[in-house]
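As structure tokens, here come the structures.
Presented sequentially are two complexes of chain A, the first with chain B as partner and the second with chain C.
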Partner chain A sequence: MTRTGAWVSAVIVAAAVVLPGLLIAVTGGSPAAALRALIQGSLGDATAVSQTLLYAAPLLLVAVGACCSARSGAFNIGQEGQVLIGALAGAAAGLRLAVPGPALLVVVLLAAALAAGAWAWLSALMNRLRGVDIAVSTLLMTFLAQQVVAFAVTTPWLLQESRLGAAAALPQSNKLPSRALLGSLGDHPGLQLNLGLAVGIVVAVLVAVALDRTRWGFRLTMAGLNPAAARHAGISVTAVGGIALTVSGALAGLAGAVLLTSPLSTNRLQPDISINIGWDGLLVALVARNRPLLAIPIAGLFAVLRAGGNFLAATGVPPYLVDVVKALLTLAFVAPAVLRRRSVIA
Partner chain B sequence: MSTVAADLETILSSGIRLAAPLAFAACGEYVAERAGTLNVSVEAMMLGAAFGSIAVAGLTGSATAGLLAGVLLGALVGSVHGALSHRWHVNTFVVGLVLNALVLGLTSYLVTVGDLGRHQVAQVSVPGLRDLPVLGAPLFVERWPVYLLLALVPLTWWLVERSRWGLELRAAGENPEAADMTGIRVNLRRRQALLWCGALAGLGGAYLAVGEVGSFNQNMTAGRGYLVIAAVIFGGWRLGRTLVGCAVFGLADALRLALPALGHTVNSQLLISAPYLLALLAMLLFTTRQRRPGALAQPFRRAS
Partner chain C sequence: MAPEPALRLRGITKRYGAVVACDGVDLTLERGEIHGLLGENGAGKSTLMRILLGLETQDSGAIDRDGRAVTITGPRQAAALGISMVHQHFSLVDPLAVWENVALGQSGPVRRAAVRAGVRAAAERYGLAIDPDARVGSLSAGERQRVELLKCLRRDPAVLIMDEPTSVLTRAESAELFAVLRRVVAAEHRAVVLISHKLAEITTATDRVTVIRAGRVVLRRATAATTEAELAREMVGREVTLGAAVGVLPHAPAPAAPASSQAALRLRGLTTRPGLDDLCLTVHAGEIVGLYGAEGNGQKSLGDVLSGLTVPDAGTVEVAGAPVDLRRPGALSAAGLGIVPEDRHHAGVVLDLSVAENLVMTRLGDVSGRVFVDRRRLRRRARALADEYGITAPSLDSPLRTLSGGNQQRVVLARELSGRPRVLVAAQPSRGLDVGAVEDLYARLRRCASDGIAVLVISTELEEILALTTRVATIFRGRIVGELPTAQADAERLGLLTGGAA
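Let's look at the complex of A and B:
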């Protein structure tokens, strides 16, 4: 890291802390009280911690996928759409397939990962056939995904909820059966450890090992760092990137299924079920510099900001400042990364 | 007037109002992309400018001052993007998404804690022409900034296609190594292109706020910046076709809003996704007829 880089980061981190406080003070609030509320709402008691850990799971899954694609050089920024497609496929599988018992949950998770992986693979295909930029196509397809989900939940013969009596059907699906939902791990007084977090951590460890300890991971990293050298060494850079992109989409889709089947949602498919987890997960990966294991604590930090931000809103401070903090933190961590020569996604 | 003509007039009016902010910003984004930078931050430029224009109009009491402030704020976002991605070489998509999140967070907070009020620039109504059937009201009764397009579109074309600056800019977008070899400062040209993009996207956002709506509400641009990027892609990196794209997207939106009221059923999801579908199809089908800059979205750093 160069000295200028360190300075730039330090200034931006300072801004991330000072600017929101200043804004709260100027508009007549108390920065100290807001900070207390932020911590109280995310780490204050067992319920708050449970909520934070719930958010951490999908954030981590998206981030781990983003690490894969960014490292391979196939830069995916359409996670928000892939999360939605995952939730859509998960809901369709959970509501339509007659799978007995808790196996339904496994089917829901698999369907979500497969569908979102295929959705992301379309971008790899367009890149291969016509040289369409992957970042551009994944971004544009996010807006398509939003409309696909909106269509599915407003169309009675697709996934819109069945009408009950005279009440008009809302733009949402039916509730998933309880055997398709992610349960709590063990019974702790007050503390809820959702199965989703376990899924996230296992995936993060597996992907970290795959990236750092296998030939596949070596090829992928090489394709990202120096495509020309990788090609010379006989690696098909487009194929490696395509696989990384598909894995990245599949993990974002898994995050969508976790959102759908955990207490974070009403367990119905709704147009806003992704609650910006895709965008935030991408930021987590950027702050973690594309390292899946580092993404675990960073996802925790972003989850703290999210759960705390929700609590903040209850105390009368608009929660949007949390987004400002997240954006500035990300900026602080990407700015010096590229001042070093070996950055992957410069 | 027959009802069909009246309906057509309504749809056309609303189509032009929906397309105009896109057209301003597209003139800017077109220049940025020809220079080889792909800035998703056009959304942040428009949103920041929309907020700034209403805020400054409130402070100064002049909606025109607000419009100007919007231009400056857009350019400020452009210069931040330029510094980060063409001085410090941070990935341009990352910078864009982060700036979008930053501006959305800041403006959402500020609009919730303060009351900005209503401010709107004057309406122009061209005598004689406004009485034309069907086309009269949509084209000749408008808030005045929309007519700036008549000057800005040719100016943008001339700058890019006919000026020396534009030539260097296109070289920076097409083949930065060769441009650098001939003494063109590639990253400087890209930063300048982003300033132009910011100013025009800012004008688009400010026009939306102090021109059409007269107030600011949370996330009021609602993804229009992404639509602008889709328009430039749909236009195959040619200014004329890009503006046709803006018109088509504006009309699609107008149809979505108007048709249900006229008793027709429309698939609103299809109309909302049409711009993105068209942009993707254009990239897939017309690759050979496009002027895609050779080094689009690729950072330039001299090998040392």
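Let's look at the complex of A and C:
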């Protein structure tokens, strides 16, 4: 990192710490108490840590997928929608398919990944056939995904919950059977290590190996860095980008299934089940500079902010302050790289 | 009292890890002079200039501008100090128009009409014909160079740095450029630094010359008091046979293997719009054919077709008698066609991948199994190529970006020549190479031909064509307008042919 770059980072990190503190003080709270609450809520005890780890899993999955697509040059920014589609497909599979035993969980996860992968692939297709910009179409498809999920959970013959008696049905699906849910790893008093995180870490390692060690990863990286040189080397840039986009969609979909089947949700499909994990995961990848292994600790950091932020909100501090911190931290990591690139061009 | 020099560098040192790019360099730049800067590939010329522009910070040493010590923190500030540079590699934005590119570097509001008028006026004043509305992506290298120069001159710099500006220009274009530079120093009293690997240019176009070797100044002299032979000797540190650098290479030796009758490369009716117009050309195994013509007559389009970057509107490419499906990525390379593209930053290299990866990237299969890339095999092969082609790099794992311009070119050459192709297309292959490397390149190309490879050299340099080829075809407006054995070719005949007179 250049010297100016380091300075810029330091200043922004300082701002990330000081600015929210100021805001809290101005609104009449105590910054120190808020910080304590943030840490208490995310790392304070076994329950808090469990909560943080729960958040880390889907964040990591989304981020690892984003690493793939960003590296290939096919920028996917529609993860929020892909998470939703994943949750939708996972719910449909879990509620409709008569798969016996815990195999149902596997089917739910696979269905989510497949559906969201196909969803993202549509953007690659539009790009290929009509030259539609991938960033734009993945983003717009997010709004479509929100409509689709809202429709599904308000339409009785689709996924809306069945109600006995007179009570009106809510816009949500039935609860998934417990054999389709992600369990905890091992048995620790108070501490829950949800299987979702294991899935996330395994996927991160696999993708890291694929990107850095395989021919596929080499081609993908090359296509992203210099499409012309890649074509010259015999690589079909559109095909490689399409695959990367599909993989990234599939991993976002997997994140959606993890949300659906872990204690982060009520294990019902609800329109807001994605809780902005898609957007945050994108930030994780950005801060991790598209490196899946680096995304593991960064996802942890963002999970801390999320779990702590929820706790903080319970103490009366406006929750958007946590978003301010998140945004500033992201900037702190991203700004130096952008600045450096600019000075090279000038 | 003599006026203070425009720029004085004292003891500039810059290290990159173990590499000492500049080692206590002293350099004085007077107003109203063109100062030549010479040195082998990787000697540290560009690094020194980047320090002047504030793109790098020296580890030690000082810079005086008009006698006052200055610290240069970036290009903005360098511009404010009146220092401006045309980089070794183009820094233009392809999808934008010429005037937009010119406006990019300036601060403050941009007024389209004013900028366009400014471009026209400057173009007029310096004799740099260019259409302000043309899209930069469609321009030839020579035209792009003009845009770069205009961009600089519009900032009204007191010190103008030109890093290998002529490597992409024809001889006539270079002469024009020197005339412009002369006007700039004589009438407008600016100072110019000119970096070039062509000794003849240094001796004709500069007033004083500084030679650096491995980061140190080894010679500083008035140009009139030196000779090309001395400059070459100082550059490499030993006696050298002057060849390519001064354009007195012996005539191409007769090909070792007589050109066989088998056509290794056959281009039939290639047409791209714009660019090529029904181009037909045949290259036999074992011969070196030159494609000669002024920049901008379709060479770039031909290179793009042969790199697999564009699919022609009409026409076919046959390698060893079999037509190649140009729509399939990598089909040409699979058919055995290797190419050294003209603009290596565009399609030749990936700047952010390592040197080793760049050395193997078109032949990944050779260093990997079905799924995994074998890092050890990759490194071994890269090491062998780097040694064979004399590539100096901080390390094989450093990004290609950190190599000097000439060493980047060597990477492309090493990769494409070592691929044992059936057909080798080399577009402006000696661009950016130092004297020694050019001779080495020529020897290698000749060896390729005698090994039975069909070699097509696309070049705008007459000396290169005459020195290297056995047959020369001339290109004009996307067509082949003449063809003759090199033995019968001379400047005049080729000049007539490339003027489209044939």
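What to note about this one:
The rule is short, and it goes like this: the second predicted complex is superposed on the first by the 338 of 346 C-alpha atoms of A that agree within 3 Å, B and C clash if a C-alpha of one lies under 4 Å from a C-alpha of the other, contacts with A are read in each partner's own complex, and residues count from 1 in each chain.
In this section, a residue touches a chain if its C-beta (ideal position, glycine included) is under 8 Å from a C-beta of that chain, and two chains touch if they have at least 3 such contacts.
Remember, predicted model here, so these are calculated numbers, not experimental data.
In the three-chain model built by superposing on chain A, chain B clashes with chain C. Residue contacts after overlaying the shared chain place A:Phe151 against chain B, while chain C stays out of touching range.
After overlaying the two complexes on the shared chain, residue contacts for A:Arg215 are found with chain C alone; chain B is out of touch.
In the superposed model, B is the one of chain B and chain C that contacts more residues of chain A. By the touch criterion defined above, A:Arg231 lies against chain C but remains apart from chain B after alignment on the C-alpha atoms of chain A. Across the two superposed structures, the residue set of chain A contacted by chain B and also by chain C is 345-346.
Residue ranges of chain C in contact with chain A, taken from their complex: 55, 57, 74-76, 91, 105, 307-309, 329-331, 333-334, 339, 341, 346-353, 357, 361-362, 364-365, 368, 371-373, 375.
Interface residues of chain A facing chain C in the complex, by the touch rule stated above, are 3, 213-216, 218-219, 221-222, 225-226, 228-237, 343-346. Partner chain A is touched in their complex by these residues of chain B: 38, 40, 84, 88-91, 93-95, 97-99, 101-102, 104-106, 108-110, 112-114, 223, 226, 229-230, 233, 267, 269-270, 272-273, 276-277, 279-280, 283-284, 287, 296-297, 299, 301. Within the complex, the chain A residues that touch chain B are 8, 23, 27-28, 75, 77, 126, 129-133, 135-137, 139-141, 143-144, 147-148, 150-151, 154, 279, 282-283, 286, 318, 320-324, 326-328, 330-331, 334-335, 338-339, 345-346.
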